[in-house]
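When the chains are written out, they are named A, B, C, D and E in that same order, and each has its own residue count from 1.
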Amino acid sequence: MLATRGLTWRIGEVAIVDSVEIDLAPGEFLGVIGPNGAGKTSLFNLITGLRRPTEGQVTLDGRDISALPPHRRARLGLGRTFQASSVFGSLTVRENVRLAVQAHRGGSMKLWRRAAADREVAAAADTALDRVGLAHRGTALAGTLAHGEKRKLEIALLLAGEPTVMLLDEPMAGVSAEDVPELVQVIRSLTGDNGRSVLMVEHHMDVILELADRIAVMHHGALLACDTPETVMANPTVQEAYLGEEL
Amino acid sequence: MDAIILLTLTGLGLAALYFLVASGLSLVFGLADVLNFAHGLFLGVGAYATWWAAGNLPGAGADGLGFVVAVAFGVAAGTLMAVLVELVLIRPLYSRTIEQVLVTVGLSLAGVALLQATWGADARPFPRPEWTRQVTTILGAQVPNGGLLLIIAAVLVLAAILAFLQWTRYGLIIRAGVENREMVTALGIDVRKAFTLVFAIGGAAAALAGALGSVYFGTVSPQQGGSLLIFAFIVVVIGGMGSVVGSAYAAVAVGLLQQFVNYYGTSGLGDICVVALLAVVLLLRPQGIAGKAAIA
Amino acid sequence: MSQPVLTVDDLSVRIAGLHILQGVSFTVAPTGVTVLLGRNGVGKTTTLRAVVGLTPRNGEVDGTVRMGEQSLLDRPTHRLVRGGLGYVPEDRCVFAGLTVAENLRLAERRGSTPAYDRVFALFPELDRRSRQRAGSLSGGQQQMLAIGRVLLNDNRLLLVDEPTKGLAPKVVTEVAEVLERVAESVPVLLVEQNLAVVRRLARDAVVLAAGKVAWAGDAQELLSETALTRSLLGVGSAEAHDATPAAARKDGH
Amino acid sequence: MTEVKSPEVPAPPAAVPAELTGGRVSRLRPYLPLLVLVVAVILPYSTLHLPGIFEGALNSPGTLQLLAVCLVFGGLAAGYDLLFGRTGMLSFGHALYFAAGVYGTDILITRAGLPLWQAAPLAIVGGTILAGLIGAVALRTVGIAFAMVTLAFAQVGAILVARDFGGLTGGEEGLPLDVSGLPAGLVGVANTVNLYWLALAYLVVVVLVVHRVSGSPTGRVLAGLRDDERRIGVLGLDPYRFKLVAFTLAGGLAAAGGVVYCLIVGGASPHITSSELTLSLLVMVVLGGPGTRWGPVLGGILYMYLDHRLVSFGSSGAVEALPAFLSRPLSEPLFVLGTVFILAVYFFPGGLASLAPRLALLRDALRPGRRRED
Amino acid sequence: GSPQDTASGGGDSAAPVKVGLVYSQSGALASYGKQYIEGFRAGLDFATNGTNKVGDRAIEITEVDDAGDPAKAVSAAKDLIGKGNKIIAGSTASGVALQVAPIAAQNKVLFISGPAATDAVTGANKYTFRSGRQSYQDVVTAKSFIGDPTGKKVVVFAQDGAFGDANEAAVKEVIGGAGATVSAVRAPASATEFTPFASQIKSAKPDLLFVAWAGSTAPAMWQTLDQQGVLTSTTVVTGLDIRASWPTFGAAGTKISFLSHYFDGASDTEAAKAAKAKVPGGTLDLFHPDGFAAAQMVVRAAQEGGDDVDKMISALEGWSFEGVKGTMTIRAEDHALLQPMYQANLAGSGENFTATAQKALTGEETAPPVQAMKG
């Protein structure tokens, strides 16, 4: 599905992302871990087009998308969430999701149609909200949601776009322990069907271990290891660089 | 050759004037995050206060030390005005950026109208030392002393502002406060004082520009500030919001460009070139020459 | 027990018409870590911000908050902080345009010597990166800076909001250690989602639910009673969702 | 997106969803605008005299002329709000497209001798294309940079008009409209009422378009752009395209306003190319309430009303009787306008549109009291 | 009822004559407006022998401020016309005069333009007259400074825009037409630095420099011309503005030859004496004669025309009268107001300057060419 070849992003002399090669198979769930500042978010920005790489390519389904702007990549099925929640604060929760549905289905450039009249969009949005358990907050302004709720809303936005490759940047950050299993379920349910692949950065190791088929470890911008959870966890370098002392 | 030296030096004089106006604007704009449309009013207040002092204040006059006293009085008046504006009008609206801009728009309308109501719409002769009317011959070019005065003042103001921001604690507070006032407060610092200070500095710079600009023009009129403001805005934006050094570069670029194009091209082309320069700079480098956060 | 360092009594906060805190009362003991728990959106951050005087403009605060004898609510934030109330906000809030050194310099307070050794001993990274702009630090590095900034001064009470959010397990451990050591000398009111960290640090716990205090008491007691944790925190088994390296290790070996 | 907005700045208040307002009044509410429209249409039949508010009776030419100007600016402000309040783009050059409409019509009629029915559409199309071209360039920047690029282009427009290239614009003296080829119904004081109706029609069209567009799928995207442009891109929509559409549409509406204004005032003068006009558009929108349906309209009408009326207020006997330190400033319209505006920013944050919910609050606060009396 | 009500201009013989004055009470030209209205009041007093009446009919003046904005002026004019005013006067700014003139024609009311100097008012339409001078008359006066223009080199220094265009064109026509070579240096009205233009002028080495500059940047412009030695190297002619501006010429003032529309002491006519007695402060200034003449024309129109605008027009066309400046003649063909113009010098320093007339030119000598009536 998604592949990167020699992906590199430098600022001055420093390589923030250093010749990263990732292959994501259809339906695969790849966890990305790494110390803070390893370049995980930056890698996501390169893949989604928010940053231009200094070198290297990104391909999606064999097609080189390195030159495309973010919205074109999204239309090809690349969806993502942000490390710091980003939702449309002055719209209601429901409008947020409807916007995402509408963006996905096309027909956003209709100046003279009543948006509210599109029942299909509304229904799809409600389904997405239901799936993340935010249906009861539909009329709240998204800007007033608590952090955890915003995370869920972001996932709903992602769901609405029915992407084939999803990039999740620390979806569990700031989510209360109670809600973690629920979110894990939601994320799992996204991936099971129709061969959707996921790339997820997460520091909650148990979540990674629960979901990921393979784990990629980043360190100083480079890929330290990319293998099954068992192998990665046993890797002494990984333990030293990332996991650290037992608490 | 003469012409080029003359144009360069007078262009630098013009640049100095733009910089004096833009420096205060840039500080307040970049640091307090207020697009201050009332800056032209501060300019007017400084100019009129100097004018008034020269005629009425004991010890002040049009020449020598008296003139220095008059200018000092004008700068003090501009500073006071800016501080009052910050305390009364801007501070209660803190974090409502758009409203702050709007208040300054309202203030510029009302304030200039007030100047006009008080002293009339017409230009009045501005008291100034005789030597500012003379010229100095530099390499065969007759350079107006008023312009040289502006250049010296601009260099001093630039140095003073940079030193303040870089080496004082208040400078640090101001730079941090621009990003996140709340967090500065949460570190135990009364950020409001810092912003009042920014306005005070902005007001002082504006008033100085008003006074020296009037020396240069020979007159003072209510609209003077407003007409300089648009070029000052352009300078601030080309230079990069909040970057005083950027403003200095931009002022020199704008001043020289205007001067040379007006001489070698057709009239009015100078202004259009400046505007074009702005558009080009912004399209190539939207953050301006010196970028947003870089202060020095 | 000795006098509490912070007394929150019947604290009520409304923001934009929403009644978020509805009469919250608790105390913070003069030593050790008191942890504030509760689900997302229950109002933990709101509580801390109300204490330190940072409720947004469209909010109203009622009730009393006292530090010792002093009432806090009607005093401006900067006074409170100068009076020894340190605050580490939820989303770090480092000054992106300033260098690390400048961020730290800003936190120095008049009349006291800044404890740079303490900070650099804990976070040598900050010393190494002192000339880097804080905005280009990674999330974890920024969090270190945010905590380091507060530790520069001696405080009477620290308010810390989710310090381990988004940190790598290794750093989580480090931060927990730091807080543990800090708590030896200064009382800390901590908001934390990571139950492993809570278990390690907390002496007292206050659980918020539906805008009120649902439970308050000994933290270890709360965590050891599976029934209690389940009903209050909604966690099936206290272990299950700890984001601890320990949990990870189990699979690793 | 506007950088001017810091995160704490509340975004322009979104219209209150209908389901949130209750009570009897709300059932009548959808019809209220219609009622106001009917009143506005038949207003010229009234001989009512409102002393102090208008110089003459409602149907006197002076009053109708003033109202017509106010209505055009109401529409103009509503169109500008499509950019500022609804998409979050702070343009400082909107006056340019208005001026393009005014000067376009005037030049095509007066200099090129075209009939109105050709000149008007040409001016509107021209203004729209101009907005599209300039937008295509300016939208490569965001925030304050965008504001300044638009300001710069508008400044070029102002310079070109002032320089009187080819004697087309009349420079600082302006260009009176040659009315000999106009329909008789639009000429002469006796026909001011038609101009009034024309202005009203313009306002209705703008409100309709803005309302329709902001309720459309595109409008939803624009609202999203206002909050987070990067997010829109990641959803698969090209922010640039949508902003360009909004910019061009708003420019076209402004150009149409220019056509109407040209007919009402009977000419063009360089005042309308000044950046102060854009600034006052911003003032109007904020005075009314950005992002709301009626706020900008009311703001535009009120601002223009004050702008015109204050002039005669300043020279009225009541003011002249005051001591000099009061009467002098009061006779400067801009002083009063500026002061009123500052007070408005303080006391009606959220603009006039926020008054309605506030009044409702007041009413609710009073109601239990009344019940107790019962 | 009718959708709009327009007062019919009362034919009652005792009803007052309604005159609307639309001029700048505020805004940039407020001081011109003030002189105009003072002159108008004095003129009304003079022309009606202190009665303010024409026959039995009182003259009822309505003053409206246009703040220099044509849109406001048009609104005001429509309002006044709607209320039955048959005579509109005022227009301090050229832009206002040009926009109000067509309104007058469309509604068939008399319009007497005020200080607005634009040539385009002359011959604008048959309803439009002027009570002040026009740019062309300035230029003809300027020409009188160089004697025989044949073979001389003349440079016009003017600001961009219609005012500058008009002056440049007039100089080319008047002085160029008489045999001089005329070139122009133009500068943006907003310019703040004049050295490039001064250098251009100096290198052109003209025999006569004609400067047409209005606005607040004028003093800086003069200082630069002086500093770069332009004023001493050639004869420099420009228009003398209002008294208050004289000190702003500074040292340059005494080196310039002025053409003047009017200044206190330029004439000693009956009307001037009456005006001096009536005007607050007792000193006449640039635009007092315009207001004074406007009042004289209003009284004449009301006297001869009653409520009939066509009769008013024929009463004014070709009319000669004694105004403040001397004999004024309304040329029938295009309503140009032929009037004396002056050559003047400034003397003094600091705040105190006095103007003295060097020469007066008659209305005939300064007459602009006849325009075809446009509407």
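The rule is simple: contacts are C-beta pairs under 8 Å (C-beta built on N, C-alpha and C of every residue); 3 or more make two chains touch, one makes a residue touch a chain.
Per UniProt, the chains are A, C = ABC transporter ATP-binding protein; B, D = Branched-chain amino acid ABC transporter permease.
Computed from a prediction, not measured in an experiment: that's the story for all the values here.
The set of chains touching chain D and also touching chain E is given as B. Among the pairs A-D and B-C, the greater number of C-beta contacts is found at A-D.
In this assembly, E is the chain whose CA centroid lies farthest from the centroid of chain A. Each chain's centre was taken as the mean of its CA atoms, and the one lying most distant from chain D is C. Chain C and chain E have centres, each the mean of its CA atoms, that are 77 Å apart. Chain centres here are Cα means. That of chain B falls 37 Å from that of chain E. If you average the Cα atoms of chain A and of chain C, the two centres end up 28 Å apart. Remark: chain A and chain E have CA centroids separated by 74 Å (rounded to whole angstrom). Across the assembly, chain E contributes residues 26, 160, 188 that each touch 2 or more other chains.
In chain D, the residues touching two or more other chains are 8, 159, 163, 331-334.
Chain B meets chain C in the complex at residues 95, 169, 172-173, 175-176, 178-180, 182-191, 292-293, 295.
Interface residues of chain A facing chain D in the complex, by the touch rule stated above, are 48, 50, 69-72, 74-75, 79-80, 82, 86-92, 95-96, 98-100, 102-104, 107-116, 118, 139, 141, 143, 157, 161. Chain D makes touch with chain B in their complex at residues 4-6, 8-9, 137, 140-145, 148-149, 151-153, 155-156, 159, 163, 275, 279, 282-283, 286, 328-329, 331-339, 341-342, 345-346, 349. Remark: chain E residues 1-7, 25-26, 63-67, 69-72, 74-76, 78-83, 94-95, 98-99, 101-103, 106-107, 118, 120, 160-163, 165, 188-189, 375 touch chain D in the complex. Per the touch definition, chain D reaches chain A in the complex via residues 11-12, 14, 17, 19-20, 212-213, 215-221, 223-224, 226-228, 230-239, 241-242, 245, 249.
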